[in-house]
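Please go over the structures that come below.
In the two complexes that follow, subunit A is the common piece, with subunit B as its partner first and subunit C second.
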Partner chain A sequence: MTRFLVRRLLSAVLTLFAVSVLSFLMFFGLPKDPVSGMCPKNCNAERLERVREELGLRDPLPEQYANYMKGIVTGRDLGSSQGGRCDAPCLGYSYVNSEAVTDTLARVLPVTLSIVIPAAVLWLVLGVGLGIISALRRGTALDRLAIGFSLAGASLQLYFVGAVLLLIFTYNLRITPVPSYTSIFDNPLKWASGLVLAWVALAFLFSAIYARLSRAQMLETLSEDFVRTARAKGLAKPAVYGRHALRAAITPVVTIAGLDVGSALGGTVITETTFGIQGLGRTAVDAVKAGDLPTIMATVLISAVFIVVANIVVDLLYAAIDPRVRLR
Partner chain B sequence: MRLKRAAAAGGALALLVVMGACSENKGTGGGDEADRVQSGSIATDPKESMGPAAEVPGAAKGGTFRVIRETKISHLDPQRVYSFAGLMNAPLYSRFLTTFKDDGAGKVTLVGDLAETPGTDVNKDCKVWEFKIKDGVKFEDGSAITAKEIAYGIARSFDPDLTGGPTYLQEWLADSPQYDTKWNFKANKSSLPPGLTTPDAKTIKFEFAKPHCDLPFAASLPYTAPLKPEKDTGVNLDNQPFSSGPYKITKNTAGVELVMERNENWDPKTDPVRHAYPDKVVWTYGPDAEAGANRVIADNGDDQTALAWNGVPSALVAKVSGDAALKPRSVQGQTPSLWRLTINTSRVTDLTVRQALNYAIDRDGFIKAYGGEASARAVTTLMPPSTIGFEKYDAYPAGPSGNIEKAKELLAGKTPELVLGISDDSPELATQLKGNLEKAGFKITVKTIPTDAKLDEVGKKNNPWDLYTDQWAADWPSGAAILPVLFDGRTIKAENNSNTAYVNSDEINKEFDRVLAMPAAEQGKEWAKLDKRIMTELAPAVPLFVEQGYYLHGSKVGGIYLSSIFGYPALTNAYVKQ
Partner chain C sequence: MSLSPVEGAARAEIEPAADPVTPEEKSIVGRSPGQLAWARLRRDRTATVSGVVLVIVIVLALAAPLVSKLYGVGPDEQFSDRLDGNGMPLGYVGGITGDHWFGLEPRLGRDIFIRMIYGMRTSLFIAFAAALVTTAIGVVAGILAGFLGGIVDTVISWITDVALALPFLIFALAVVPTASLRFYGPREEVPPAFQVAVLIVIFAVFGWTSTARLVRGQVISLREREFVEAARASGAGLGHMLFRQLLPNLWAPILVAFSLAVPQYITGEAALSFLGIGILEPTADFGRMIFQSIPYLQTDPAYVFFPGVTIFILVLAFNLLGDALRDALDPKSSR
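Our next item is the complex of A and B:
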């Protein structure tokens, strides 16, 4: 197991290195001058040149990359136009936000985490639960209801569901407050009430997919020989379904869930835009619109970290669920 | 973000400018101010520059006034403020050398803000200016504001790190667009830029190499806000400016919210324009225009005391304008941003063709394609109605939909082939213009220009287009900041031209010099005459429309009106109904 873990971690580090090199080359090595997006409109040629110098854009690319990575590990001194000393992990300075990119991320990451993690718990519990119940009650009214629910969820879009939820619960019934983010440590109730519509919208759409997937996997597993054997040996239904069938059926669901949560943490752009909450996704989009390269680079990197970490977690869960994986 | 900025213009400041009709609107908010025409004056009596500002009827102190906006204000550091949101917000926490007293209906008076008057032209040649600083003006820590802190504020605007703000004063003092190389702020922090002196604590003096009669106007921009050197945190001041206005910033979370609370050291008796009725002003960032407007329409809880800064989006215009209950909560009116179809006169050299274009234009159709009456109001002049001295005229009367027959008559059977350059984000405008002009006999070829590059591309002298849409919003409401900037042929260079019509008439250029040399009191009418003359004799553009502002606020907000200077909601009269 340790060897497996070490192998996966090494591969994750390599993946992140490749992503960082590629994104750095993409943003700083292409012919388009990155400074024009960073320097405001009244920049003349001389000022642009000074910004290039300060950003180290006149240095060879490998040196620029090394400085960037060094900043992440040990921090670095940026010019006076970028606020001076930038402590580790330094991801550069945003001229658009007038602050270190690390500060921006420190502010928006908790927002995205607060949206995604509770929503993921909701959609997994609701989706997987509904899928399994539907499989076990195949052909009943409950099954048909679950299929209808998952069809509706799969065919709707978040910006529509979100707008409808806002219209009903916030603007008309006035049950929920206007969506906003408050730190869970400052006021847990306000934190929950400000994000509940985003959770519901995300959970509704995602749980529909998980309900369909879980139902199909469960039905397939229930028709396997080992389930019939277990039942024939006289094992109780809960033990067969819970200990044997569910364990086998859940494996693909874990894979999909890992990827979904990983990519959602990388930025729930549509959710954040629909509900007007500034998280990582919206920050990335704003940075693209404003040509704020240090912020774009940082959001790409952090999203890659989420995906890679989610993959490691999935692999570990796989190994825990299916002993055969550990042997490979 | 300002799409265009007025360049410096000369002229002579005089004692009093009163042009056009005055109106009685007290800027108490509500209603449609679409047809207002500017009248303006420059105060001479120091009493006009003293406070307290006249009470807004019905206003009361207290409460929290909120502003909902999609994105954060780009800069808060007064020396870097230049966006419309920033310009409207900065007076809440900063004071400047001069400022505009605005009745919200088009009557503006330039008064002293920190200065006792809007300045003295010492030698009557617009080269040496003196401002005397008021007694009793203070920073948020209670220390006195003197000429030294104001001069330091102006000096730091030379710092190349502090990008984003206007550059009139810096360029005028250094007598060069490369002002930051002429005087190095970082190396000379204990001194002042050339031409800027403080003979004593109450006096700040500007000495220019060339006459700059618009200085009192230019001094109303936020870069004249004072700062104590020990409070200068460089680029970080952008997150936490040091207040000299009625509020101080108590919390600023970029992209989330900006909280301003009462500055107890601000003395209303020294302030001719600010009221500071609410105890607190909070900008909340995040919701897009539609979400912001929907929140204010729903009028729940905190949103009852909120203003939707991003305005009423086109998707909600019908709903809002059709709801009588929302009328008292809406503020509509013109902005100074004027759109015109610029004719590249270096390519379209035949005056009759340019005149025919003016007859052919279907302004109604163009405005419909742009977004309708709520977004734009037709004009036939080169200066917007919000300009001091504005006079309405139509050099080519053709009705709201144009006069195709008259255009054809002028063309006399010719079918001029014209290339229309249009931003790639507005193909609907190109389709409308092409359809409209081809009916009159023009043959229009549409070529798109990347939106981001359009300003640069049409600013190139030898650009390949005959027609393009342009817009201009001056930083102060004077014809001097519009006509010479846009139509003085002597300023044409290889790139970065504001004169995108590339018109160059010796006669008109002489007129610019003549008017700019006149006392400001007499300039307004002269600019109006020159506006008409340019259109009649040169027809370098087809005036299209001025943009309209359309805003909504909650039921407990009062005192919002559209700034006569910038066309955005002014916040200095805002109050929360108790």
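Our next item is the complex of A and C:
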């Protein structure tokens, strides 16, 4: 188990390294002069030169990369116009936002977390629950209703559902306020009411996918021999379904859930755009459009971290759910 | 003589049909697994309906210029005289008339029906091309990783992990304008063919991983089977083993993955348009049309309705067909 974990962690670090190198090459290779986006408005040639100097853009790429990485681990000194000393984890300074990138992240990360985590809880409970119930009640009206729901949800798009929800609940019925973000610690009620439409939209589309998947998995498991054996030896239905079948059926669902939650945490670009909420995804899009290199790098890296960590969590969950995995 | 399990499964299914009591030879009809799957698919009503819908849509899209001629309206024709002072179409339900079946676009006054037909051609071409390329790359990578194992497997799986960890939308957002700038100056007009090619390449780079994972898993479970051992024992080369022995057993999952990938790319392309990096005006594009219509949800619901419902039906039909294919191709299927 420890060996497995160590190997897994090593490969995660290697993956993150590759992602950082790839995105560094890619975004610093943009033809747009990186400085033009970073320099505050109306700056002359002399100031542009100074910014270039401060950012170290004239150093060779490997050196720039090494400096950037060193900043994350130990912190580094930036020029005075970039706020001087930048403590670890230093992700650089954004001239576009006129603040350290870590400050930007600290501001937008809670927004994305507030959208994704409640939505993920909703879609997992709803989707998996619906899928399993409809598998157990196969062929009934409830099952058919669930299939219809999941097919409809799997064929709809978020920007469409979001726009319809906004029109109905915010503009016509005026039940929900215009979506916005308030910190949960300031006003939990306002936090929830401002994000509820985003949760509903995300949960509807995702739970449809999970209902389909878990229904199919559960049906397949129920036809396995071990389920029949468990029933034949006199085990009660709840024990067979809950303890034996569910465990086997849920593993592929966990894999997909890990990936989905991981990548959603890295920025729900479409959701944030549809509802006009400034989270990690929207920040990344704005940064790419403005050529704001430090912010782009930071957002790409952090979303890669989320995905990689989610993958490791999935592997650990696997070991907890399926005892055979522990032998590896 | 082949020991391939595909044929074995097919035979197993034929044998119970042959009545052992009556030794009439003609009652036994030998059918290939493909024929069996096709027969099952034809019996499936959902599959038939969604298949017919898809064929109609694809034929309409391919024959776009012909449809335009019969319909009497071109994709770029503007009917400004039919718009009011605010640029909204005159008449009811978004300006539906005998000449304009789905009404007119607000502001530009183009015919929605014919824009949709032309747009579908662009979107379906991108989606099919992207699905073909990703499936091809994914199958080759997956077969190699699964069959060879060891270092090849480690490297390919690791590349898959890296590709999965890269945020697709952000990279697409960075790559598309960069690529157009590299090949065409900032003032030059970027030809539609180039925009289409860039999108397909982007989808290919990010999309092959799921097929590769799927195929790898399948190959690992097939690798130890007797028919592979038999082929190896009789001195088969690597190419024969991969493409003559393994690939025929993989067609079912590959076909299903392909049919489920196409709608993903249709909606993916729409999502890219949503962020402003899809196919540019004036080329008709279905994905862009949907995102352009959304601000009119309140003022001109018909403009949102027709493209929205069409993409819903299209994606639904692909999903249903994919599910039906999975059932039909699965020899264990109870249906």
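Simple rule for what comes next: the second predicted complex is superposed on the first by the 311 of 328 C-alpha atoms of A that agree within 3 Å, B and C clash if a C-alpha of one lies under 4 Å from a C-alpha of the other, contacts with A are read in each partner's own complex, and residues count from 1 in each chain.
As a working rule, a residue touches a chain if its C-beta (ideal position, glycine included) is under 8 Å from a C-beta of that chain, and two chains touch if they have at least 3 such contacts.
Computed from a prediction, not measured in an experiment: that's the story for all the values here.
S.K.: Quick check for you: in the superposed arrangement, does A:273 touch first (subunit B), second (subunit C), both or neither?
M.R.: After superposition on chain A, A:273 lies in contact with both partners, subunit B and subunit C.
S.K.: If you stack the two complexes on chain A, which partner ends up touching A:177: first (subunit B), second (subunit C), both, or neither?
M.R.: First partner only.
S.K.: Which holds for A:142: it touches subunit B only (first), subunit C only (second), both, or neither?
M.R.: Touch status of A:142: no partner.
S.K.: Check whether A:98 is in contact with subunit B, with subunit C, with both or with neither, and answer first, second, both or neither.
M.R.: After superposing on A, A:98 lies in contact with subunit B but is clear of subunit C.
S.K.: Is A:200 in contact with subunit B, with subunit C, with both, or with neither (first, second, both, neither)?
M.R.: Neither subunit B nor subunit C is touched by A:200.
S.K.: By the touch definition at the top of the document, which applies to A:164: first (subunit B), second (subunit C), both, or neither?
M.R.: second
S.K.: Report for A:72: first if it touches subunit B alone, second if subunit C alone, otherwise both or neither.
M.R.: After superposition on chain A, A:72 lies in contact with neither partner.
S.K.: With the two complexes superposed on chain A, say which partner A:26 touches: subunit B (first), subunit C (second), both, or neither.
M.R.: The answer is second: A:26 touches subunit C but not subunit B.
S.K.: After superposition on the shared chain, which partner residues are touched by A:107: those of subunit B (first), subunit C (second), both, or neither?
M.R.: Once the two structures are laid over each other on A, A:107 reaches subunit B alone.
S.K.: Intersection of subunit A residues contacting subunit B with those contacting subunit C?
M.R.: Overlap of subunit B and subunit C footprints on subunit A: residues 167, 171, 273.
S.K.: Considering only the defined contacts, which subunit A positions touch subunit B in the complex?
M.R.: Touching subunit B from subunit A are residues 39-44, 46-47, 50, 79-84, 95-99, 104, 107-108, 166-167, 170-172, 174, 177-178, 180-181, 273, 276-278, 283, 286.
S.K.: Which residues of subunit B touch subunit A in the complex?
M.R.: Contact set of subunit B toward subunit A: 1, 70-72, 74-75, 160-161, 163-167, 177-178, 180-181, 186, 234-236, 238-239, 253-256, 284-288, 291-292, 294-295, 297-298, 300-303.
S.K.: Applying the document's contact rule, which stretches of subunit A touch subunit C when the two form their complex?
M.R.: 11, 14-16, 18-19, 22-23, 26-27, 29-32, 151-152, 154-157, 159-160, 163-164, 167, 171, 259, 263, 266-267, 269-270, 273, 281, 284-285, 288-289, 296, 299-300, 303-304, 307-308, 311
S.K.: Which subunit C residues qualify as touching subunit A in the complex?
M.R.: 158, 161-162, 164-167, 169-171, 173-175, 178, 181-182, 263, 267, 270-271, 274-275, 290-291, 294, 297-298, 304, 308, 311-312, 315-316, 319-320
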